[in-house]
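You will see two complexes here that share subunit A, one where it goes with subunit B and one where it goes with subunit C.
== the complex of A and B ==
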């Protein structure tokens, strides 16, 4: 069993190492994040100049939210949908299917490796900003946060797999990938916390749609803004969506193989 | 100049044929651009539900700044959108093929693919500016409108210069290093007023690298008139034209230093 698990762990390593190829690109991305965090600080400082609390958040809490939202969404920035599209169009998928590994698990593990890499390179910068902002988090919230973060990652990963499979029936993956990025950025709370949305949209965006579990809920959990009941409901919601997407993607994957 | 336009016409017709061939992709591709551009407006209105002004600027001022940002940045992306894919062109050998053709390298890269989503963004930008100007009750003279258009074009030229310089780094590093991401994240914040920044950054964005021409100055021209800004517009013209010429020189210097990756 360990051996069969090990063949997927290798894909985590491959996803991780694929990001190390070009150190210049890593420096560029790190500088990009640094500039973004600094400019974000000025923007929200200006917004809070005449008010002390907006939607229950002080300036420090808002800045920490935006810092974490940009960092978490960066874990999923890599255009992994194109992996499947390229495999299918190049015919490489036939080589993959001959191997004794499950394609979906391989894809998920590779994404995990890429996300792990981004996590490791972003963690020092984010930690530095959190120290500068003198942010304190309650210890147990870290545990709930990482569970929620993993749930968000898993949903994003299976959703990417579903979209990658659907790309087979369009000419290329770029349009679907762009659409997914915009949709997730808005509905996950990356660009602005979801509680800024009009009240009649909040229930839909926050409680029903799964994208809020990628960014919004993990940050709220870490900032201690949810009680245990709300945390467990968010876990259940994420699990239901993950199972639903896995069923859908399996259905389309089987149809793809028949073609 | 005649060669420029005939080249432009050839590439444009090629790209239009590509759009007509892959219509579904075109439609799927422009929808995210429309949503993303409109969400920028929604973001500003969500912020202004909680505040009265942003560094003394009203909601319509901020909307105007966002509209002007869309105009200049989409103009820049229409012409220089392909430069972000220069890394891909280097790795798959397309750049080597481009070098063998008897066409100006810079123009060839500009016209290779037209990113149609930026045309849509440009139209949305015009719509946002018109809406914000009419909503704030401003009446602009023909001269003010011409100056606003001129400054927006200067802003676009400045963004083009910056893109050309950052893409030149790909030539020297054989596609392994650039500052695209970093510069992109910097220029994205031009959709907000530069008054949100500290004095040092504001000075830098006004006099050293005058990115205020992209969005802030056109808003000031629309709101306050042009009387106090004429000298500054002359200064902008000199600086931006000089920067554009420098960026082209750096680009061709980088192209000479380019060593193929062997494709």
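== the complex of A and C ==
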């Protein structure tokens, strides 16, 4: 039992080590984070130049939102879709399929290792900024935040798997990967908080679509802007989408194996 | 035991029309061609057999291997491993096999080799005692312990192939599929791989199925070979039987002490024996190809040169297995 569990856990280690192995990856990912953060900082500074509150947010609150949104999205920036596509096209997927493990679980664990690496790098930086900003969060919200963050990670990972598998038929991952980045950046709340959207779009982007559970909801939960009922609804929404995507990707994966 | 029953595989591929107009047309309409990669192949392999699967490029060897290990599904026919139908979804089956694709690595390219070994140890749920025994056995032949802390991408091709063979065998699978496993290996390492596989088969009664373009691998390792050509299995027999049944030529090589004597001998043989297939190996050595039934003629030539003081040595060899198989696949040998 422990061994069966360990054969998946080791993929977390492999994903983590694949990032830790190169100094270049650490620098590259840190610089990417910093550039995006600085860009967003000046953007919002310009927006707040003549006003002190927008959509109920002060500049300080927006700064915290921006810091957290850039950090959370940095966890998922790794181009995993292209890697599945490359494996499919080169035939290396053969080696993966021949192992007595579940490909999707293996993929999820590897992605978790990659995200965990970035989390460990960014957590001290974000904590430092929050201390400087004298930001206070309620303890229980941390617990809800991490559950929400994990839900967002799971959704992102299974979505990547689905798109990666679809590349087998599209023969090219570039278009799909670019589409996914734009979709997630806009609909997750990475670029701007989703409550800045027009009202009729808000219900769709926030409540129905799953992408809001990647960035927008975890931040709102941490900032204490949601009550327990809203938090539980967001968890349920994320869980339903994760299950739907798993069913869909399993369907395509089974078809891929039939080839 | 492996049982393959009437298996076929057809590949469909898009026909790419040439020229810019062809590329534009390809966007709007696609034509596909069908190619039979494996055509109604049936055979059985008993447990503990080492079997060579050979044939020219594109004959269907790798496709068959991929179907045997479940990666590809046959379009018709069935494959059984220990009486169970082969399937990529069968984890028990996948634990019982090990696969090496010589041209495709199973190792984690960016990390030290030890990480890939630890990964395989975890995936195949190998306990410490088994791991120690298996690794010691493999390492005693392949000597990979010195490579464990080196990044896979920094290994030479030969070192990488050795490590690939090692991870595929780490769980001591019941059946080992080897597709071109000796690519990039020098002759010493190749010999060690052959010795290891022979011992693995003998000591643990394991089945090995190997495809290789290096016929020395096949000859040194296998008792039985299957020859596939254009997707059809044309020969499935004991290697000794194939050799004795299909051998057509014998080669006499004559080695001289001087270049001049080599040249004059070539002239002499050409002038007196028009029908002989004569070729120069190098400045000091010539080869003469005789039909297997021409024993008299072979002896006659040997007798003419044996007393020549400038003859350093001579050797009569049977036609190589490679040549026999080439003759079979080219259709120069009529099969029963």
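Operating definition for what follows: the second predicted complex is superposed on the first by the 246 of 259 C-alpha atoms of A that agree within 3 Å, B and C clash if a C-alpha of one lies under 4 Å from a C-alpha of the other, contacts with A are read in each partner's own complex, and residues count from 1 in each chain.
The working rule: a contact is a pair of C-beta atoms (placed from the backbone, for glycine too) under 8 Å apart; a residue touches a chain by one contact, two chains touch by 3 or more.
These figures come from a predicted structure and were not determined experimentally.
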item	value
Contacts of A:95 with subunit B and subunit C, given as first, second, both or neither	second
Subunit B versus subunit C as contact partner of A:176, first or second or both or neither	first
Of subunit C and subunit B, partner touching more subunit A residues	B
First, second, both or neither for A:14, with subunit B first and subunit C second	second
Which of subunit B and subunit C A:22 touches, first, second, both or neither	both
First, second, both or neither for A:207, with subunit B first and subunit C second	neither
Overlap of the subunit B and subunit C footprints on subunit A, listed as residue numbers	22
Residue numbers on subunit A that touch subunit B, as the complex places them	22-25, 27-29, 31-36, 39, 42-43, 45-47, 49-51, 54-55, 170-172, 174-176, 178-179, 181-183, 185-186, 191-192, 196-197
Residues of subunit C touching subunit A in the complex	66, 69-73, 88-89, 91-92, 94-95, 97, 99, 101, 104-106, 108, 110-111, 115, 118-119, 122-125
Contacting residues of subunit A [partner subunit C, same complex]	3-4, 6-7, 9-11, 14, 17-18, 21-22, 90-92, 94-95, 97-101, 257-259
Residue ranges of subunit B in contact with subunit A within the complex	22, 24-25, 27-29, 31-33, 35-36, 39, 43, 46-47, 49-55, 117, 173, 176-182, 184-186, 188-189, 192, 195-198, 201
